[in-house]
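Residue numbering begins at 1 within each chain, and the chains themselves are lettered A, B, C and D in the order written.
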Amino acid sequence: MPLPAPLGGVIPPVLTPLTPTGEVDADSMRRLTDHLIGAGVHGLFLLGSSGEAAHLTDAQRLTALETAVDTAAGRVPVLAGVIDTSTPRVLARAADAARAGADALVATAPFYARTHPVEVADHFRRLRTGAGLPLFAYDIPVAVHTKLPRGLVLDLAADGTLAGLKDSSGDEGSLRRLLLALRRTTSGFSVLTGSELTVDGALLAGADGVVPGLGNVDAAGFVRLYEAARAGDWPAARAEQDRLAALFSLTEAGDPARMGAGSSALGAFKAAAHLLGLLDCPATAAPQVPLDEAAVARVRTHLAEAGLL
Amino acid sequence: MPLPAPLGGVIPPVLTPLTPTGEVDADSMRRLTDHLIGAGVHGLFLLGSSGEAAHLTDAQRLTALETAVDTAAGRVPVLAGVIDTSTPRVLARAADAARAGADALVATAPFYARTHPVEVADHFRRLRTGAGLPLFAYDIPVAVHTKLPRGLVLDLAADGTLAGLKDSSGDEGSLRRLLLALRRTTSGFSVLTGSELTVDGALLAGADGVVPGLGNVDAAGFVRLYEAARAGDWPAARAEQDRLAALFSLTEAGDPARMGAGSSALGAFKAAAHLLGLLDCPATAAPQVPLDEAAVARVRTHLAEAGLL
Amino acid sequence: MPLPAPLGGVIPPVLTPLTPTGEVDADSMRRLTDHLIGAGVHGLFLLGSSGEAAHLTDAQRLTALETAVDTAAGRVPVLAGVIDTSTPRVLARAADAARAGADALVATAPFYARTHPVEVADHFRRLRTGAGLPLFAYDIPVAVHTKLPRGLVLDLAADGTLAGLKDSSGDEGSLRRLLLALRRTTSGFSVLTGSELTVDGALLAGADGVVPGLGNVDAAGFVRLYEAARAGDWPAARAEQDRLAALFSLTEAGDPARMGAGSSALGAFKAAAHLLGLLDCPATAAPQVPLDEAAVARVRTHLAEAGLL
Amino acid sequence: MPLPAPLGGVIPPVLTPLTPTGEVDADSMRRLTDHLIGAGVHGLFLLGSSGEAAHLTDAQRLTALETAVDTAAGRVPVLAGVIDTSTPRVLARAADAARAGADALVATAPFYARTHPVEVADHFRRLRTGAGLPLFAYDIPVAVHTKLPRGLVLDLAADGTLAGLKDSSGDEGSLRRLLLALRRTTSGFSVLTGSELTVDGALLAGADGVVPGLGNVDAAGFVRLYEAARAGDWPAARAEQDRLAALFSLTEAGDPARMGAGSSALGAFKAAAHLLGLLDCPATAAPQVPLDEAAVARVRTHLAEAGLL
């Protein structure tokens, strides 16, 4: 389906449900996808960090994406992460995504090898040309250890390389300045924040939408937040954001002495989705340490406090 | 072929020759491999950072590795990098490497997703079990943004998960303490330094060998350095290291205003190998900025000063 | 004067005017202080990063602070930065500040020496006890390379060690969660953001005020922004913030090839204040590279575009 | 006393003995100083990181330095750290040091405020001109978060700004290249490594000496290591270094869950010096967590294993 320009609203980075043996659980994928669309989301982002892309083989990625595209059936656009180390490898991922029917691609700066901004720009231009699909830049320095410079994003917006940006950099000041500059120069470019704890502020600042990992757990809450902001009801937006920020504490369910913050957050999202009946199994991919029973109990408490159980 | 335990000596991280259109140049691969073996190296490390693994597709990696294995023909062991983001993906790379005939695997900590040390250890254990080949840990925080803790390496050495370590962390103090601890607890574990400017000191400290990117340009120099150290002729080792450290300046041939340090170094290694007749074409993979003529001239000067032209 | 609890509003981090030979210019200090109070600010923060505290001797710091306290004459509270490496040195700075008549102190985590969170907490407790003045924590990881953990701030708020927080960490998500937690547990604790490009969002989230370096240039603008937010007029707050964010571009007036970002920003603030007649001389302290004429011209253009000239 | 050019040998960064109430213990300072000189060290470095400079007031620093200068009485040169955030403050520290009779100064790059390399060079030039004493650059990125670029050190060596470098960067490859470049361009410039676990390798590479924190505990060992290297007896140098590297494990005596690595190392050095009768009291300055009894017992075991008790 053609992408709205700009694409806005709530576009959750969809979890990839797994079976106990670590294979993609297509039934749960379908159930989760349907649930999110039913909650009113405006798009789906598959194979991002929350989709455990880094932990999935190419075949598993393809299965997850095809299932989501098939289930979405054109009701909302499907964006596909093409997470890989550098241009030739990302182009291979992009070919897979195009074959699976993705409506747009989401690519990071190269990682593992260090790259100069000139090379980062060339990377995105080669992806746009080579893949033939609308392209979003995924600014996620915590994963790739490069912050996309504001000027680079503006250049790639102006020349049509990029259709939008998913900003997970956490640098809200830079985002503000980007939004200001875009307003003067470009129309139709989509700015989506990945900072799910400050969505009200980002929308107030002019962002088009949000890509919230927590949206897998409470998509309806993010949709309400987005609608309140669109209606200019900032107190309501703030209240909804506060509720969601409290719920976000479930990401710290895991014991930091024995597992990483990423495993804890992802494990908690999946445990919550499982408790909500959206996934058959809360397993995360190896080598992530799974949540133990006490951690799952903490997740359950957070869900109850947020009124979701 | 069975690996020596410990594997020692000079094991260059072999460049991956490319054609002008970015495909693997198998003829040059064969020529380079033959040249290195002829210079007396003790093993080959394919598909590492110097092999541009981050920029090669799976198919290109496989071609490069198969060609090297075929050319080596058992004369020296071939280690294969299995660079990918996390366990399931690395296992897929490992299956490719086994199929191509690699004698051992070299794997980093997971990257992109942040992982806890417990998860890093589990990652290596799953690789050892799943891949069925001797496994070297590749400690390269500049690429993966995780330093392998000394205790973790010792544990994985003691339980047989790891056959060795390629230490590109640059933390020579920690390496010294690791070597001391290994001497007390383990035998046959191979410690290879990737710090090619301080090989004399590392060998004096007890390291088994070196994996020098510059070894693609002057393998014979590193072999002389290694042999001098083995013979206890430290002044000769130091003099050879000094000569190689001066030659290493060629890695700064590129203009830092328009290309990254990685592209400059890799471009210079390839330009030098091309000037020495080892590669048909000095091209590096996209999106790396290529060296311009002035930079290549600087490389040529360094080669001449080092007596290699 | 007794501090409001919580202290809120606009509390600019006051520049320290210098003479061409690098001494504190007390006349300009008085003029600037008077101007800021006249513009409606709610407090003054002396000897912060914008006050060039890191570049001033103890005697110069004392002169600047005494002049500001004397000029403020109780009209607004004066907070004094006590920037030094660790507890005993900060206590010496705190004694100076108390002698000069500061109403409260603003202290960072220890720096230079690395410290454990337990030690950071002990640091603040010793400062509170030893100095006898209300204490604000200054969370500025870009300078001290430690982020104050949210739990630590909450503990020190709960036990009365801290009267407030100046958050210059740029971590707006963590700030949101802190504000939520404080609302449940503590009253009267002041949360001031140093993120001057997202003040509208921070106030929407419940922050009490802002400490904007740009407030030295356009204090009235920040006061309007604050008042709009207090009145719940979020579109007006956003518009004012957008204007200020555009003006903030003056911080990039300097040439990044020959000076640091800090020198450029501070030089631009001082050049702007000089052009506005608030300082006799725009000099910054050694070893900061001064703005050249072209850079000052860029600052002038920004002021004109913002309607300040 | 005039400094040798280059200054070489063992120059320990002298601990600052404290009383139980945190004052400088001049008697212990004298005893420690005498002991180190008696052990054959070639100079003393006061008020460095191991001297807890970051935790001492100006008056305490002055007392420590005056006591050491008085005790040394010209037997060996005394270098004084002048650790402070930026040029004007460091110049004030330098005036103190000159008054106390220091033979040379040791200064870091500015910290807290971020500075451009041009500003760092200007900083050192102003210090050299303003202070009138031989100046050593202290490259310690772990504390100041700036690595001194090799070219900058070479420029400041060539123009006479710097008499030497204390390299605590841990970047042994860059050190090797610096040594090579210095050999071609400059004579009399002193390169001292602070990497106390790889002194044998550094001396083999051509470094002039070492500044080992552990030298407070086993100065005689470092002197033996240095003399072995000077005599070209590299196996003996290596064996001594191995013994010292094993002893260095005492720095990990503290519990990482409740104290920082810096507090553990410094606490262990002081506990060891106390056990050896060199200090009356092992106290470290606030807010460093002190070692508990179990940690002190671990220190004692390490001393015994190294043959020092």
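In the analysis below, contacts are C-beta pairs under 8 Å (C-beta built on N, C-alpha and C of every residue); 3 or more make two chains touch, one makes a residue touch a chain.
Bear in mind the structure is a predicted one, so any value in this text is a computation, not a measurement.
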Higher number of C-beta pairs in contact (A-C or C-D) found for C-D
Counting a repeat as over half of the contact pairs in common, which of A-B, C-D or A-C repeats B-D? A-C
With chain centres taken as the means of their Cα atoms, state the distance from chain A to chain D in Å. 49
Between chain C and chain D, tell me the centre distance in angstrom, where each centre is the average of that chain's C-alpha atoms. 35
Graph shape for the chains shown, where an edge means the two chains touch. Line, ring, star, complete, or other? ring
Touching chain combinations (by label order): A-B, A-C, B-D, C-D
Show me the residue ranges of chain B that touch chain A in the complex, using the header's touch definition. 22, 49, 52, 54-58, 60, 83, 85-89, 92, 110-116, 118-120, 122-123, 126, 142-145, 258-263, 285-289
Complex contact set, residues of chain D against chain B: 170-173, 176-177, 180, 195-198, 200-202, 204-206, 232, 234-235, 238, 241-242, 245-246, 248-249
